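Here come two complexes built around chain A, the first alongside chain B, the second alongside chain C.
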Partner chain A sequence: MAKGTPKPDELSRIDYTPPQKEWMDTPVKLKPGMYCWGAKAKNLQAVGFPNARDWTPADEDWKLPENWEWTVLEGIYDRLKKYRSFQLFLDICVRCGACADKCHFYIGSGDPKNMPVLRAELLRSVYRRHFTFGGKLLGRIAGARKLTLDVLKEWWYYFFQCTECRRCSVFCPYGIDQAEITMMGRELLNLLGLNIDWIQGPVANCYKKGNHLGLEPHTIMSNIEFMLDDIESITGIRIEPSFNRKGAEILFVTPSGDLFADPGTYTCMGYLMLFHELGLDYTWSTYASEGGNFGFFTTNEMAKRLNAKIYAEAKRLGVKWILGGECGHMWRVVHQYMDTWNGPADFLEEPVSPITGTKFENAKTTKMVHIAEFTADLIRHGKLNLDPSRNDHLKVTFHDSCNTSRGMGIFEEPRYIIKNVCNNFYEMPENTIREKTFCCGSGSGLNAGENMELRMRGGLPRANAVKYVHEKYGVNMLANICAIDRAALSTLMDYWVPGVGVTGVHELVANALVMKGEKKRTTNLRGEPLPGVEEEEEEGKEEKEEQGG
Partner chain B sequence: MELKNILSAKRTAVLKKWFDVILESYPPNTAEFLRTQKDPFANPVGHTIFEGMEGIFDELLEGVDSHKASVFLDNIIRVRAIQDFTPSQAVLFVFLLKKVIEEEVGEELRKEGLSEELTLLNSRIDKLALLAFDIYMKCREKLYELRAKELENRTFRLLKKANLVYEIQEQEAESRN
Partner chain C sequence: MRALFSFIVVIALVAIVFVGVKGANLEFLFGVIIPYAALATFIIGFIYRVVKWGRSPVPFHIPTTCGQQKTLPWIKDSKIENPSTTAGVIARMALEVLVFRSLFRNLKTDLREGPRLAYGSDKWLWLAGLAFHWSFLIIAFRHLRFFMQDVPVVVQWVEGLDSFLQIGAPLLYITDVIIITAVTYLFLRRVYIPQVRYISLAADYFPLFLILGIAISGVLMRYFIKVHVVGVKELAMGLVSFNPTIPEGIGVIFYIHLFLICVLFAYFPFSKLMHMGGVFLSPTRNLANNSRMVRHVNPWNYPVKVHTYEEYEEEFREKMKMAGLPVEKE
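Then we have the complex of A and B:
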């Protein structure tokens, strides 16, 4: 044996255990792949956010303003006064740990600071030190610590490792909503210009041009034109939607991601085909051209400013009500905030489906209806001619998006639709769906490229459940009703469960939809041959050959 | 043959100890969670690691078929490749098996005069370790590929619209060939 090679008994003495330290004594280390680039000066300036400058998280110097500590503490004080929930959530947590192992980031990473209770503690400890008598007096014994630069960097690292999915809040016996702690944490960081560019860029675009991607009216229209060409070549039907049409009955708003990136574009083609088939009196807007709201991941005020355009455009066009496409956080904003921020929308009417006469009483105040509710109602009333066998090559499972499930309780409608347009549907395990659904790992503005490692960690529990149904039932398609899901889950599946595709629910609808006057369809919206078509073609060829021979 | 019997008899003990030393690479609270939460959907990491370990151990007894062993190794490494580990820490669990086997059955094997078989076993573990390096690299490369692919996907329709993408149609490609 070579000199210096450890003997077996020596080997057995090697200690691989990481040193045990209290969380307060574990300083944050920013690991590449785990965080996003810092917000650019021009994007902060565009909306008048403070401390606009170009900065790099990996640099020692974050170019903070003088007296930044005071700015943050004052920010906490203001928010404690403004939001009773914030004060309550900081005070009532008993650290029982029920939330600890429910976070997808903790489950995937094993990093204790991803436990919701500890992530909140990062902020709570500073609150104790600066705002409570016990914390000022007893300091660390009372779980209190001073606000320092290291603490600030730790906040930044971990508040951008929370997707505000609210799964933990389902398990909290006190109902503490950790997403709100993250939201407050991000608001405080924002006071120092410490946002990420993946959020701030879209916010600036949305403020200037109405959508996250910064698409101008002619680009939106030509993008849709492009889809119409595809639809025509598949179905033989030329659809002519209207844009910014005054006097339309319905304004349709969807996330701009549906206009651009696959597979969202197929979902968008689905909307177009469905509305055409119904003869719906609706219009697109090239100004209220974004359902999503990345402002929601910066500050409450910014979210409100970006959201305002939806009602403003509805008023300008004189529509009766608003129909919204498949999106996640858009619906949390619409359902829980829009009416308080920018309502009352008393110039609109209570939404009624012009096809079935159904009153959407749940949308009485917001006047905005979710397309899953709208379509489920159509199917329920037998208004659609559907051929689910066109989706027979698919074994489908459904991912509940965090915001539509926990934020507004949409569980049944998408499932009802899928079961009517597909013959093979399989549920993932009970503790990974509906209100207990696992996040895609890329929500709340974290679906960038540079933090891919973080996204794969966060998406692990979701992917694990998909893998189970993939192996057990042969599931090969993951349906969802969220634009970020459509983009993020595709990548997630590619890493964890290759062989499983991702689709919006209305892509499945459009493929099954038998339209009046359509030609015989041979491919689905993705240009792939429909089940049975290749065999038919083969048979046809053989017959011809036989006849010829 | 003897070695296989001895190891099979100690399967539970070896796996338990191996699991424990792997979990030591996580913070204590996390290790406890990974060890005790038995629901595979609430604890995918612990479940995946243990299931992979079982597969690798059984494979080891049979002689390590690269293809079969890679599946089990891949399941574990795919997880550790995206966690807070350096490359060496991520694949360390394979080498830890040597330590565990030595502790559990080393003495017994030497008493039985099976030292040579122990050497053979260790070389099989080395083979697993080499496979582990390959798999780790594949996982990391995949992450960068995914980044590139997302960017491509976001810009593809734009480029296509601007006539900046030339797609070779399948039929066209066939006729050229």
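Then we have the complex of A and C:
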């Protein structure tokens, strides 16, 4: 935990009373722990972003280019013409407040500017002043204000306190999606080189090296090699996956986070074991080695530039279709943007499961299938030999990731899988799951270390629902299908609900998967003894002692 | 402050008609010219706004999905909350527009000791919103009787239903009671809920006061300060037949009522009230979640600079070869 992060009991004293002063008269104060470091010059340069320079948000001087106001206003004008969502959402909000207490950042911080409606007003007020007749004429009384440096700083602070989770848009009577406005706000900020380095660093990495973490080709292979060693010592089976192999049937793409740190690596081992067991004709790619897309948190154009690699690589390798791993924003992008940006993928074929023959008609143009869809289909057809009792020490609940929930709607597939590989599954309260799910608090590139207070505040509603099932049913494992979740929720659980672990769904699958020719497993993928094994060992020892005595 | 400002503006509007009609005999201005001008502003403005929205394209397929997607045949998809077909979208939009589906989801978040977060159902806003919009619609519909020589039966039915309680003379319309109650509630929640007060602008109070003014003047006219109804109908018929007349002795309260309606019409296209048209265009609601099945085309999609595989291999060729990875160029 970062230094200076308040303790849970201190942090949970939240005051929801708005200040006496009107919000336009409350200038932004950058509170340490609530924001991230500014994007470094070299990372901005790497992708040709404007105004590349080192800068510090806490400094008075943000080293803005001359005429920056003009750049921003022009940027707004441009986007109003390009995005109906932006134009419409700026125009039709009635400030009914239905979205207000739906945002996890508002719930966790009580800061009124974290109410989605007010977050939008931060930008809407400037739009009124500079782009509407009433706003120009009446000014303040029409809710209009000029674009000033203070306003710009406020945008930066609050557009990086929104995880683009879309929860607000579920509740808004007109579907106003603050995520859209945040995206536009961040695009505008990027015109001035005002990103955060936790996003810009991975973007630069991904552009040059193919993944957010900047893993070079041989490192990717050696990371996977480590996992293969572990798998061998647990199952006795040596797996030999292929990389950049031409002519494979399927290209597999997953977020690079799965290659790097646990518990993501266990999920990755899960994929490897599953594919091996199926004898799947697939390949990894070191060039398209990132499913996630931090470019999505900068500009639409950058997101497209990073995403282009997936189709390009599929084409180069001559695969038939693409299978995608467990990730949240990756799937928002794949599901709602990829084909539009970089399609049509007419060089690929409509995905068909080589094991079950199922046609994935839902992916017939994008040609990319979610691994939960793929695995659920396998289980349904009885293609996997599963022993759920190996997960009997776990009481599992499932966290719906924002992006796959509200930007796709994949609810049943992961649940179906979990229920087939675990015997103990409990849902969190209804208002905190599925389309009403709460964000991990660290999405959209906000999973840095320096903004830990923000993350713990934003994660409070999610954590609180986990705590509920933890106390009620003894839930000790939080499953999810997102790489950011695996990293972020671990920290969140340690902070709010110690004693609850975090896992990807395919880790659970692999633990339950009885592989052909495997030796008797004594531990799970984490190296912890399997349920029942400890007692057996104990008994074995006693027997020996008896025999000896 | 902002509420007060809006209140004063509405009072001023009332004062203007009062003085105009009583003092300056401007019946023709308020009874003919302004209604025509207001209606023209409404129609032109409304179309202008919708066309303006329509001209910005929808570059990406971004429905907010509120239920299970359509995937494998044995998984039951949520056909309305996460529609994959046009019929589903129509149903979703119909629910949204007719019964305010999304607002019906509303919850109230409560932070208790522990900390323990609780989410209680909170349907008041939904109920008041629904009551307000529907009674407004019914009242507007009832008014058709003033614009047609022979009152159509449907209008008579609606009137009959609306007054089925059979209280008082003239019979009390339930919608009159409902609209005043609902608008009052909507106003009070704006003032009393601190968060809502904090975000409210003059532009949020103004339409409330205006509509309240319209409703109250209407009620006064019907039940208390009698106006010359035949004259009103004559005036209305004159307007629709483009043969305007100003009958004598209608009463100033009518002009107040009419003028406030005119202000509402003229103000409409410039305000948040345009949500009436906007909701139909909302891309998070009016698109089917089929973006992996049917390709969505962005009209302004343009080529971007990417880091190609060739450039990548160029940089890492030696390392790739050492690791045993296949390369394109030796």
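Basically, the second predicted complex is superposed on the first by the 530 of 549 C-alpha atoms of A that agree within 3 Å, B and C clash if a C-alpha of one lies under 4 Å from a C-alpha of the other, contacts with A are read in each partner's own complex, and residues count from 1 in each chain.
Operating definition for what follows: a residue touches a chain if its C-beta (ideal position, glycine included) is under 8 Å from a C-beta of that chain, and two chains touch if they have at least 3 such contacts.
What you are looking at is a predicted structure, and each value in this text was computed from that prediction instead of being measured.
Using the contact criterion defined above for the overlaid structures, shared-chain residue A:88 touches chain C, although it does not reach chain B.
In the superposed model, A:432 lies in contact with both chain B and chain C. In the superposition on chain A, A:533 contacts neither chain B nor chain C.
In the superposition on chain A, A:112 contacts both chain B and chain C. When the two structures are aligned on the shared chain, A:31 is found in touch with chain B, with no touch to chain C. Contact with chain C, but none with chain B, is seen for A:368 once the two complexes are overlaid on the shared chain.
Contacts of A:352 after superposition on the shared chain: neither chain B nor chain C is touched. When chain B and chain C are set side by side, the one touching more residues of chain A is C.
Of the two partner chains placed by the overlay, only chain B lies in contact with A:487; chain C stays clear of it.
Of the two partner chains, chain B and chain C are each touched by A:101.
In the three-chain superposition model, chain A touches both chain B and chain C at residues 12, 14, 16-18, 100-101, 107, 112, 115, 222, 429, 431-432, 460-461, 464-465, 468.
In the complex of the two chains, the chain C residues touching chain A come out as 2, 5, 49, 52-62, 64-72, 74-78, 81-82, 84, 96, 100, 102-103, 105-109, 111, 114-117, 119, 125, 129, 193-204, 270-272, 274-275, 278-279, 281-285, 289, 291-298, 300-301, 304-309, 312-313, 315-316, 319-320, 322-326.
Of all the residues in chain B, the ones that touch chain A in their complex are 21, 24-30, 33-34, 37, 39-45, 48, 78-79, 82-84, 92, 96, 98-99, 102-103, 106, 139, 142-144, 146-147, 149-151, 153-154, 156-158, 161. The touching residues of chain A, when paired with chain C in their complex, are 12, 14, 16-18, 22-23, 48, 80-88, 91-98, 100-102, 107, 112, 115, 117-118, 121, 133-134, 141-143, 166, 169-177, 180, 207-210, 216-218, 221-222, 243-246, 286-287, 300-301, 304-305, 308-309, 312-313, 316, 334-337, 339-341, 343-344, 358, 360-366, 368, 373, 376-377, 380, 405-413, 416, 429, 431-432, 434-436, 460-461, 464-465, 468.
In the complex of the two chains, the chain A residues touching chain B come out as 8, 11-12, 14, 16-18, 20, 31, 33, 100-101, 106-112, 115, 222-223, 226, 260-262, 265, 429, 431-432, 449-450, 452-453, 456-457, 460-461, 464-465, 468, 487, 490-491, 494-496.
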